[in-house]
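In the two assemblies presented below, chain A is common to both, partnered first by chain B and then by chain C.
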Partner chain A sequence: MRKTSWETLTTKYPALFSTILLIVALLINFYLQPNMFARETLNSNMRVFLPLVLLAVGQAFVILGGGIDISVGGIVSIVNTILAVYVGLNGSIEKVWLFIALSIFAGILCGAINGFFIAVLRLQPIITTYATSFLYGGLALFILPNPGGGIPQRVAEFYRTTTPLGIPLAFYVIAILLIIWRYVRSTQYGSYLYAVGGKAEAAYETAVPVTWIHFSTYVISGFMSALAGIAITMLSGSGNAEIGSPMTLTAITAVVIGGTALSGGVGGITGPIMGALTLGIIQNIISFAHINTWWETFVKATIIVVALAAPGLINLFGRRKS
Partner chain B sequence: MSATLSAQHVVKRYGGVVALSDANLDIHSGEILALIGANGSGKSTMSKVINGVVDLDGGQLLLDGKPVRITSPQTAKKLGISTVFQELSLIPQMSIADNIWLTREPLKSFKVINRKLLNQKTEELLALFEGTLRTKLKPDLPVSALSPDEKQVIEILKAISINPWLVILDEATASLDSRQVERLFELVRHWKAEGKAIIFVSHRMEEIFRIADRFSVLRNGKTVGDGNIKDITEKELIQLMIERENVVQFTKASSESESQVQASPVYLEVENLHTDTLHGVSFEVHEGELVGIGGLRGQGQRDLLLSIFGDIPYRGNIKIKGESIQFHHPKDAIKQGIALVPGERAREGLLYIRTILENLLLPTWNKYGFPLKIKKAKEDATRIGERLNLVMASLMDPVSSLSGGNAQKVVIGKWLLRNPQCYLLDDPTKGVDVNTKSEFYTLLTNLSKEGKTILFYSSDDDELVGLCDRVLVLHDGVIRAELKGATLTKENLIAASLGVSNGGEA
Partner chain C sequence: MKRFYISPPVAALILAVVLFLLSGFLPNGFGKDVHVAVAQATNIVRLSVFLGVIAAGQTLVILSGYEGIDLSAGSIVTLTAILTYVTVNGRDDKVIYAFLISLLVGAVIGLLNGLGITFLKISPFVMTLGMSGVVTGLIIIINHGNVSGKVAPIMTRLIARPLSPKIPIPNAIIIWILFGILMWLLLERTTFGKHIFAIGVNRITSRLSGVNVTAVNLAVYSLAGALAGFGGFLVVGNTGVVFIALGQPFLFPSIAAVAVGGTLLSGGKGSYWGTMAGAIVLTLITSLLTTMQMPDSIRRMVLGATLLVMISIYGRQRGFRQ
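So, the complex of A and B:
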C-alpha cells in the first residue's frame, strides 16, 4: 500500500516538501550571497517576501476549502491605488490610518462579492474569480490610470527599517499568522474548513454549514489580499495599478509547493508560508546568478509542475518497481 | 424512552419518475424492522424520506401520532433519527475521530476542540468493534487509509454517536465481513434492548431472518406487505418482492460432467502470486470451468483478479494456455480475450452520464470504422440488450437512468461483443435485485457451457456454492481451501473463510 503510506505522510506532514525545498533554496542562496543572514540583508529580503506570504496565506484558506481565488492580484492593485491616490506623498498620519482601514474594508468587500457568487449562487470558483480579477484590476486602473502617487516617506520607512530586537518585522508578522492559524486549526471552524474542502457533499449530510464556510474563505482571502496590498504599497512607496497581477500565480504556486492540494482538504498555512519564502529566495538566486529574468518565470512554472506531479511520479515508480 | 414513527401513503416523485406511490411503514422503539424490496422498489427513497435527505410530495410522517416534517438531515438528527448511508458520508482526508464527531466536537474554552476528550470518546466507540478490525485503529488515522469494511464500521459508529432513538441501516452489511456482521448484530440487539428502533435495509435474506422482528415489503413504490418475520418464509417474502413465482434457481453448468471439464485444456495458470495483500497463491483453471473465489472481504480476492487483468503490479507467474504472460496494462489483457466485470459499477464499470449505446460498445468501437457505422452499432447493441433482457426506454438514454441490476447487465454486456475467452467477475451481484441475479446466473452458466473460463469472486456464499464447479477460499492472502463436489457446502465455505479449518479438504 505504497500510495496510502505516501498519502498518510503528506496528510500528516503537509509541509514536508516545502521544508526540503526551502532548505535547498536557502543553501544555494547562502552560497551565492554569504552575507544573507546579516541583519540588513535579511531585513531587505524579508520585507520583499512579506506581501507574497500574506497573499499565500489567504489563498491557502480558499484552496483548503476546495476553491481557488484568481482575483487576489486585482485586490492588491485596488488597495495599492487607493492608498497611493488618496493618501498621497504628503498625507497626514490620520489619513494613512483612515485609508488603511478603508482599503481593508475594500478587500473584504471584494472577497464577499467572490464569496456570494461562489458559495451562495454556486458558480465555478475558477471562472468567477477570473472574471472578478478583471473587474478589480479594471477598478484599480480607473482609480490610477498611470503609475504615480505615493505614501508619506515616513510610513514607507517604518515598514522598511523596523527590526525590533534585531529581528525583521516580517518575522513578527509570520509568527502572529502562525499563532492565529494554530488557534483556528484547533477550533470547530478549522475542522469545518477541512471537511468542506475534503468532501462537501458528505459535510452537508453531516450538517456542516457548507455555504457559510465557502463564503468565509473568500472573505479571508480578500482580507489577506488587502494586507498584502498595504505591505507592497509601503515597500514600493508608490502606486501602480498593474502591481498585483503577476502576484496571483506566484501565490497559488506558493500554496501548491506548500503541500496544500488544489483539490482541497489537505495542507495548512505553514507550507504556503515556506513556499512563498522559497519563491522569494529563488528570485534572489536568479538575480545573483546573473541569469536573464525570464528564467524566473521558467523556474517558477517548473516548480509548480514538479510539485503537482511529484505524488503521481512517486506512485509511478512504486508501480514500476514491483 | 418510547417513540413511534409512522409513514402513511408517502408519495415521492423525481421529475416524471414516481419512486414511491403509496409507501407505508410503522416503527416503534425496541423493534427491528426489515425494509425489503427489489432494486428500484423505493427502499432507498423511503429511507431518504425518513432521514430528511429528500422531502416528500404526498402523504405524511407521524412522530408519536403527531405530524412532522423532516426537511433536512439536520432536522432528522434533532428528532433523534440517524442514518448509516450506503454511499458513506465520510471525509477521506480527515481522521476517524474528526469524522465521527464532526459538528459535535467537544469544545474547551475559546471554542477550541478538546482533542483528548475527542480521542477518548472515539476509542470508546471503536471498542464496540474491537477484535473485528484488521489493525487496532487509532482515532487520528485518516479515513482514506482505511479499507472499505473499516470505513463502513466508522460510518456506523458515526451514526450511533448521536445516540439516536431510530437508526436506519441502509445496506450497512454489504461491505462488512462475517465477523463484523456478527458484531453489528450483537450491537443491534443491544440497541434494541436499550429501546432504540432500527430500520434494516438489506438484500441478504439470511440476515433479515436472523435479526429482524418485523418486515415491510416495497414493490414498485408501494408497500405490498408487512408483518412479523416469524410468520413468513423466505420463499413467501421473495414472492412478495417479485410478484411472480420466480425464486432463484441455481443450475450448475458442468456438474454432470466434471471429469469432462478436467479433461479440457488448462486455460489459466497462476503460480506463486504475490501482491500487497496476496502471499503466494497458485491454482489452475480449465477451459469452460466456473471457478469461485470466496472468503471474507479484503482477503486479496480483488488483487487476484486485478493482477490477472494487468491492473496492478504483482510478483509471480501467470500463464495463459501454457504461455507465460506479463500484462502491464488492462488493454494487454483485453487483447488476450480477458474481460473484467467489476462490482463497483459506478466507479469502474460504467460512464454513468453517457448513453447505454456508448457504454455497451465502449471496448468495441474500433470495429465500427471511420466514420462510425452507427446503424450497425445500434443493431449490435440492441441484440446484446435483448440477450440480456435489458429493461430500458431507449439505447440513447444515459446509463444513470437504469436501475442497479440493469446497469450491471450493461457492464457485462459491453464485453459480450468482443466475445472474450475468460471473464473475471469482481462481486458482480453486489446490490443487485433477486430477479436480475437469477438472470445473471443463467448467463454465467451459459457462458460456461460455451467453453468460456470464468473466475467469479462473490461475497454471497449461496451464489458460490450454488453456481461454481470449484471454490477457492482465500484467507489472509493465501488459498485456505479448495472446495469441490461433495466438500462444496456452505458450512465448509464459511468455516474455511473464517480460517478455522481447511474446509474438509482431502
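So, the complex of A and C:
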C-alpha cells in the first residue's frame, strides 16, 4: 500500500501533529484570553503545566521502550505526602533539601521495583504497574491519611514566582529536558531504547541488553514522577495522598497526543511535552469559554478524542483520494 | 523436563478456597460454624457476579489481542445503571425495555470504540480511555447532580434475592452460571469465538486464512460494550441506588480479574472460566480486608501486593532466550 504524503510526513516527524495541535490550541486560548502572553499570566499557566510535562516525559521513556507505567500517580502522591508530612510548614531549608533528596530516592526506588517485576521477572507492564499503583497509593495514604501538612511558604513562593530574565522557571526546565534528550538520543542508549521499543526479540538477538533497557525506563519514569511530585507539592503548598492518581491517565494521553505510539519505538519527548502543554491549554480554554459547568467534562473529553482521531481521519480520507 | 502445571483458573480457585478457609481463623471469622461459613461463601460469590459479568466483555477484548483493552467499561456501567434506574422508575413492565436499552447503549459505545480502533488506528488503551471521558461527560449532563428514579421490585427479586426460601442460592449466582455457560459456548463452540482467538494470536495469518478481521474486531468491541451495559443493569438491580462513581471501581478490577484468571493480556489465550475465578478471588480479598477493618491504606497495599504475587506466579511472559 502506498503511503500518502501525510503519512510519510508524520512518520518522519512524529511531533508534527502535536505541534499543529499546540498552535491551534494556543491561538484559541489567545483569542479567549488576550493577556495570556503577559509575564504574570504566562508564569501562572506554566507553573500549573510543569508537573504534567515532567510526568509525560518520564512516561514517554517507558512507552518508547514498549511498556506503560500506570503507577506514576502513586509515586507523585508518595513524594507529595513525604514532603508535606516530614518537612512541614515550618521546616528549615536544610530539611527541605534533605527530604527533596529522599523523595527523589523514593521515586527511583519505586521505579526500580516496577522495573524489577517487568524487566527481570517479565510480567506484563500494564497489570504490574496497576498492582504497584495500589502499593504506592496505599503507602501515600499511610503516610498522610487525611489531606494536610505542607511546605514552608518561602519554598512554594520560590516555585511560583521565580522568573529569571523574565522567563518563567518552567521554560528553563523544559529547555534542560530537551537538551538532555538531544544528548541521550545521540548515545548508544538512545538507539537501544528505540530498538527495544520497536521489536524486543529482534533487539535481543542483536545483543541489545533488553532487560537492562526496560529496567532503566521504569527507573527514569520513577525519577521524573518524583520531580513532578516535587513540582506539584511546591505548586499546591500542601499534602494530599490522592493528588497523583488523576495525573496518570492524563500523562499517558499527553504522550499519545504527542505522537508517541503506545506500541513503542516511535516518537520522542518533544511531542509529549507539547501534548502535556496542549492538554493544559485545553483546560484553560474550557474555563475561559464559559461553558456550562455540567458540559465541561463532556466537551473536554470530546476535544481529546477528536485530537486523537484527527491523524487517523486525515489518513483515512487521504487514502480515499489517492 | 516436564514441569508440574496447574491451569490458572484452577490455581485461582484453589487460592480462593484456601484464603476463605484461613479467614475462618480471624477473630471475627466464621470459626467452626459450617452454616455461617456457607452463608459467607455464598455471599462472596454473589458479590463476585457483578465484577464477573463486567469482566466478561474485558475478557473478549483482551483475548482479541493487539493491546486490546476496554477502559470505558466502568463508565458504561454507570451510564446504563442510571438509564435503567430512570427508565424503570419502579415499574415492573419497563424492566425488559430498560434491559434492552442497557445492552443497546453499551453496544453503541463499544462500536464507536471499535470504529476508532480499527479505522482510525487509535490504540485501544487511548481510544477507550478517551471514550470513558466522553461517557463520563454524558453521565454528568444526564445526571445533573441527581436523578429521580427507582428500581422495580421484580429486579430486586431476580437479582438480589435467593431462588426460593428453601434453596438459599441467590438468583444472581444462577444468572452468572447460565451466563458463564453462554460465554463458554460463544468462545469454544462458535466460529466467531474461534475467530476471536485467531485474531488474538496473529491478525495477518487470520486474514490470510479467511477471517474478516475488521468485522470480528468491531463485533468484539460492540459485544464488550453490551456486556458492560448488562453489568450496569445488574449492578443497579443489586444496589438499588445510582451515583456518578458507581461503575468506575469495577474498571481495573475487571482487568485484574482477567489477568488473575490466566488470560494472556497480549491476547489469543485464555478463558472465561478463568475470569470467573479471578473475579471471585478479587472480591474475596477485598471483602476479607474490609471485614478485618483494615484502614484504607493497608487495604490498598495488601491488594496491590497480592496482585503482584499472583501475576508473578503465572503471569510471566516467555523469556527472550527461549
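As a convention for this text, the second predicted complex is superposed on the first by the 284 of 322 C-alpha atoms of A that agree within 3 Å, B and C clash if a C-alpha of one lies under 4 Å from a C-alpha of the other, contacts with A are read in each partner's own complex, and residues count from 1 in each chain.
Rule of thumb we're sticking to: a contact is a pair of C-beta atoms (placed from the backbone, for glycine too) under 8 Å apart; a residue touches a chain by one contact, two chains touch by 3 or more.
All values derive from a computational prediction rather than experimental measurement.
Once the two complexes are laid over each other on the shared chain, residue contacts for A:266 go to chain B alone; chain C is not touched.
Of the two partner chains placed by superposition, A:79 touches none, neither chain B nor chain C. When the shared chain is aligned, no partner comes close enough to touch A:53: not chain B, not chain C. Taking chain A as the reference, the larger set of touched residues comes from C, when chain B and chain C are compared. In the superposed pair of complexes, A:234 makes contact with neither chain B nor chain C.
Once the two complexes are laid over each other on the shared chain, residue contacts for A:96 go to neither chain B nor chain C. Contact with chain B, but none with chain C, is seen for A:198 once the two complexes are overlaid on the shared chain.
When the shared chain is aligned, chain C comes close enough to touch A:305, but chain B does not. Within the superposed three-chain model, A:127 lies in touch with chain C and out of touch with chain B [touch as defined at top]. Overlap of the chain B and chain C interfaces on chain A: residues 201, 204. Residues of chain A that touch chain C in their complex: 68, 117, 121-124, 126-128, 130-142, 145, 200-201, 204, 210, 241, 249, 252-253, 256, 261-263, 294-302, 304-305, 308-309, 311-313, 315-316. The touching residues of chain B, counted against chain A in their complex, run 53, 72-74, 77, 85, 88-94, 98, 102-103, 105, 107, 110-113, 115, 141-142, 144-145, 158, 276, 313-315. Remark: chain C residues 67, 69, 116, 119-123, 125-127, 129-134, 136-138, 140-141, 144, 252, 255-256, 259, 265-266, 295-305, 307-308, 311-312, 315-320 touch chain A in the complex.
Here chain A touches chain B in the complex through residues 1, 4, 7-8, 11, 183, 186-192, 194-195, 197-199, 201-208, 265-266, 319-322, going by the rule given at the top.
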